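Lettered A, B, C, D and E in written order, each chain numbered from 1.
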Amino acid sequence: MVENVARLTPTPRMTPFIEVSGLEKRYDTRNGPINAIEKVSFSVSKGEFISIVGPSGCGKSTLMKMIGKLLQPTSGSIRFHGLPAGADSPDLGMVFQDAVLLPWRTVFQNVCLPIEVMGLERAKYERRARELIELVGLKGFENKYPSELSGGMQQRTSIARALVSDPSLLLMDEPFGALDALTRETMTQELQRIWMESKKTVLFITHSIPESVLLSDRVVVMSARPSKVQEIIDIDLPRPRQLTDTTSAAFGKYVSHIRGLLSATTEL
Amino acid sequence: MVENVARLTPTPRMTPFIEVSGLEKRYDTRNGPINAIEKVSFSVSKGEFISIVGPSGCGKSTLMKMIGKLLQPTSGSIRFHGLPAGADSPDLGMVFQDAVLLPWRTVFQNVCLPIEVMGLERAKYERRARELIELVGLKGFENKYPSELSGGMQQRTSIARALVSDPSLLLMDEPFGALDALTRETMTQELQRIWMESKKTVLFITHSIPESVLLSDRVVVMSARPSKVQEIIDIDLPRPRQLTDTTSAAFGKYVSHIRGLLSATTEL
Amino acid sequence: QTKLTVQGGAPVPTYTLLGLYVGQQLGYFKAEGIDLEIRNTANASTAVQLMASNNADIALATVEPLLLGQENGVKAKAFLLNHKTLMYNIAVPKGSNITSPANLKGVKIGVSNLGSASLTVAKSILLSAGVTPTADTFVPVGVGDQALTALRSGKVQALAMWDVMYAAMERNGQQFTYFNHPTLGTFGNLASMASDATIATKQKALCGYGRALAKSSLFAAENPEAALQLYWDFNPAARVPANNPEEIKKAVAELKYIADIFNVGFGPGEKYGVIDEEKFKQYAELLYKDKGTPEKTPAVSSVATSALTACINEFDRAAVRKAAKEWKK
Amino acid sequence: MSQVISATITPVRRLPRFDTGSVLSVVVAVVLLGGWEYCVRAGVIPGYLLPSPSKVVMQLYADLMHESVRVDIYYTLAEILLGFALATVLGLLFGAAIALIPIADKILSPYITCLQTIPKPAIAPLLIIWFGFGISSKVVIVALIAFYPIVVNAVVGFRGSDPRQILLMRVMKASRWQIFRMVQLPNALPYLMAGLQIAMVFSVIGAIVGEFLGASRGLGALIIQRQAAMDVAGVFSVLVVLSTVGIVLSVIIKALSKKLVFWGPAEEIRGV
Amino acid sequence: MSQVISATITPVRRLPRFDTGSVLSVVVAVVLLGGWEYCVRAGVIPGYLLPSPSKVVMQLYADLMHESVRVDIYYTLAEILLGFALATVLGLLFGAAIALIPIADKILSPYITCLQTIPKPAIAPLLIIWFGFGISSKVVIVALIAFYPIVVNAVVGFRGSDPRQILLMRVMKASRWQIFRMVQLPNALPYLMAGLQIAMVFSVIGAIVGEFLGASRGLGALIIQRQAAMDVAGVFSVLVVLSTVGIVLSVIIKALSKKLVFWGPAEEIRGV
């Protein structure tokens, strides 16, 4: 299929899957409006892995919510192409910036929420849920409630939940923000594996520039609020990428280019 | 004063300010207890900057809450030495893992909360509040409510709040977790400056190993749950430390040593 | 068996409906071919409303709502007066220095509420004694112990209530001197009423109802102790406080007082339940005058009928007296 | 095979003139009243049971023109407001005590429930002896009835704060009172306002119950008088006044609630 | 100049035998009852106003031995429970409608307030004609009174969900009903349970009010009869029964609430 090719030859210029054009978002607050997003246009091909980086408060979460149809743009449009007739938007998995777990459900029940809501086949998807819980390192915590979890454990639960329904579009808002170095490495590698195996389209917000380079076909760099797209960088590195690749010169060049765009000098 | 010397010669073996000994914490949950902390002992000198790193869910937040007297240990003790008679614990500033803002207060009002609660001198500390809001990059957002802020902006508000009362003990639980590279660099540098200027004792939880090395006198590395102290590493690097120092060989040695302890191979 | 529902004008079973309970227990209604259902409701107005709208066949209540409801289209008539006297009068504690209605000038009089017809009657008593009531003459004090409290605490010096209420207070040791209405004092304002439609279609049943009620009233007058037992059998809740001899003695005294009120028209040559049209007219005039619309006073013929008096009296009084005498538990 | 989310800024706000909600409300009201009028006129329901709306309106007009009825309205309104105020103060005090002092919960809760379940008419003599025949006994009855919803909601509200916010306050060594005032009180506001709304409406009933026990003034006394006189239109006219009082007062509470709980979550969703 | 936070595991749990709260409760009760008994015996309060507790207890014992009183208790209890159940169902339905359908709010709210402010005795004939004389009209009156607290709390509760949780559901393209059932209903539970607790206690009053409008059975009827007979001890005996019913029912609701809202925030703080 075309998507498989996309993975080997990054940034294919096919008919776009998601087309964001002239998107603007203004929030009306008690004391005046906030222009979160000034004018943003870009497009995403089917099966692409796109990272979004940008300063805190530049509108990344806002953009993702609009793509997930959770928020109405002030102007501009978001188009989905190539969807089967009748579907109102692609099937979606989303990791919010904060975990957003239902406190009356255990870890397992939270992960299984999409199965219940979407009416998926129980036996098959519950097996998948257990696998994912193990993958995110929460084996043994299936029956704990969110208030009994650490911050990172909550975030991992929400990652498992986003993946359980095997969605074709995955929106992830700083999914690995609260994870330690080792867990983060593992999760990054697993995400890459899952993406490569299942032809998902992924939009991935992160503050870690190496992470964005490691995972993405393209990195969208946004400028400070009211934000625009500053640059879109094709990451022309072979797949699958290993953690050891991060020390390569080519990798370093991408990282320092993006870092420069964000005026950062190091990676803490 | 002794503390100033401490900054130039790291890990001074003076009479400890905080002494954690044989600390254990077991949470009782609906389905059985969770042993969060097995046995932790270490001590902190006055004016020291200590980082705590460890895998997600190993009990870092739990430890910090116990030191902040917000949680009762199951066994073991936490002693504070050298406090003025009558004081029940040192004056404290705390950044929680999640921002914990009061939704009915604006950014400014949230930052000023400790001033009100502690009955500090209005004029002086409100000026300080405004300075801190500017420092964390929230100028112009003073009158916004928490629900009108991005995730990173909420976290920055809570950092300003922890600093406003100029506390002598600062407990920070992943304060920079939701910040982009540039903001994170700035905040790190500012925190170092504030610490050096004001002789605070700082306990700092982070998932970023370079960050812990850059900031700390000592780094406490915790093992996975039920956790113990795996190793305490003296960071013997001159102060003040610059971002450019992170590229030095000495710095790199510390980073990869800690990384090795946590079995991580890279820093994403 | 004809089904008849009678709507009492009190929220719970009370002595006011004594005749119904006694007749029910003795099978008098059954003997007339009547399957009687006794219901309670908050007050006389509601009872009349339910009866007039044919949600009950008979209302056994005071006649004021019947008279005043004519304006609103109530089409019903009293066909049987159950009471010996006008139940409303003024009472002062025995030994009070108020010895005649003329002494009531400036006295505060407790009424159950300002809507009670006892107020209208009391006003009329005062006026006929030459006392003009003022705005604060009548004080709403509720009923029962609440009213007694008001009297004993000196909040009011007299009460304008009704017989059953006084009986309860007397039982509790309060003795009264009563001032009756000079002209209407002997008008029994508790009546059995039915809608015009019911009167037209169920005449036979109404006659039977009247006869049974007459027989029970006579029975109660002849043997109050038996009536009390029958009432307790019907309504065990009423017996509860009376589980010691002292209480029982008081209860018998109270019932004697009540039974006497219903002992109307059983003298030689008298007829039970006769409707005195002249008094009826005067009472209606009194009410409408007090309301401020005397011109709307309904004609007696539209609120009362004597058509059933004859058939109601067709029973053997001696047999009832004999049964009362010989009654055994 | 393609679908769009888009929007353009619409500078002109939709005029409220054709607000469907309001229009529908009016339609429903007209249909209800019309049906009622018809039923009465056609004799489906006799006039002495249910007066026709037109008759009620005429009576209402006459009543409002009548000095004495206006005094009754003020009188009852005074009872409602004073009793409600008393209930609010006591309800908040007891609610806070029960929520925050574990021993107070154990000791007070049964008495409060007990007090609440006692039908006021049953203890009318005591109430009258203690509080007199005038307005004060009615105010007490209103307060007794309105108290409970406030206490219950206050207890749940005060207890329902986010524990992290309380930890935050403890870090600053906040006093018990500061924690209460700065965290628990604002957090409890949605509950408190709901409690006040329930209490407000029950205050209206409470005032009438109080007057039923014996009053020479007020709408409750008026109802009894008119009911005894079989003046159904008169009774309904008073009911309309009462309902209007209740609706107006509860709308005020609702508006106040919206103003006070301005940070509520509902807004964000609405924008979505 | 040094201070310690420490703890050791205490394997033996403190026995509840010397629970200060319970002991204090009993002490308070004894003092109250003793004082009351003294006041009555010493003639501070006349016996025809307030019977002495000992007399009430004796009467209570006699009552409970009495078949007919036990039937009255069952009768009133049935009214309370049926009316409460009806109010719960209707309250949740209307609450959900008002909270979730903006038009329903506008159209229904005024009628609900209006219904609530009408004193039931004023429309007694209509209630009786529509719902009959038996238990059903009492059940309706209980439901009418208990309905309001449930609706108000349900509306606030259903509206109060974390908007992020609703966004989460929308991501999964959850239906309106799924969002309601899986997010809004559990979130509203603390409100609903508070509403039910208020409603439960008002149900007790409601049953008595209903019986006051006309009943030959039930505790309300018994109160009126005894009041008319000026049997104060008898009245108080019924009040004790009523209060006990109220307290037991509200304790049940509280326990249920604790069980249902198990994830509540209160627990975490207690551990602190």
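Assume a residue touches a chain if its C-beta (ideal position, glycine included) is under 8 Å from a C-beta of that chain, and two chains touch if they have at least 3 such contacts.
To keep track of the chains, here are their UniProt names: A, B = NitT/TauT family transport system ATP-binding protein; D, E = NitT/TauT family transport system permease protein.
Bear in mind the structure is a predicted one, so any value in this text is a computation, not a measurement.
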item	value
Neighbouring chains shared between subunit C and subunit D, ordered by label	E
Required steps from subunit A to subunit C (each step between touching chains, minimum)	2
Whole-Å gap between the CA centroids of subunit D and subunit E	18
Inter-chain centre distance, subunit B versus subunit E - centres from mean C-alpha coordinates, in Å	49
Chain centre separation (subunit C, subunit E; CA means) in Å	39
Contacts with 2+ other chains: residues of subunit B	30, 69-70, 88-89, 98, 145
Touching two or more other chains - residues of subunit E	49, 121, 125, 129, 162, 167, 170, 212, 227, 262, 265, 268, 272
Subunit C, residues touching no fewer than two other chains	46, 49, 53, 144-145, 149
Sites on subunit E touched by subunit D in the complex	20-22, 24-25, 28, 49-50, 102-103, 105-107, 110, 113-114, 116-119, 121-123, 125-126, 129, 148-149, 152-153, 155-156, 159-163, 166-167, 170, 190-191, 193-194, 197-198, 201-202, 204-205, 208-209, 212, 220, 223, 227, 235, 238-239, 242-243, 245-247, 250, 264-266, 268-269, 272
Residues of subunit E that touch subunit C when the two form their complex	46, 48-49, 59, 62-63, 66-69, 72, 121, 124-125, 128-129, 133, 211-216, 221-222, 224-234
Complex interface listing, subunit D residues touching subunit B	162, 164-165, 167-174, 178, 182-183, 186, 262-263, 265, 268
Sites on subunit C touched by subunit D in the complex	43-46, 48-49, 52-53, 64-65, 68-69, 71-74, 112-117, 136, 138-142, 144-146, 149-150, 153, 155, 291
Residues of subunit C that touch subunit E when the two form their complex	11-14, 38-42, 46, 49-50, 53, 55, 143-145, 148-149, 152, 164-165, 168-169, 171-172, 235-238, 240-241, 243
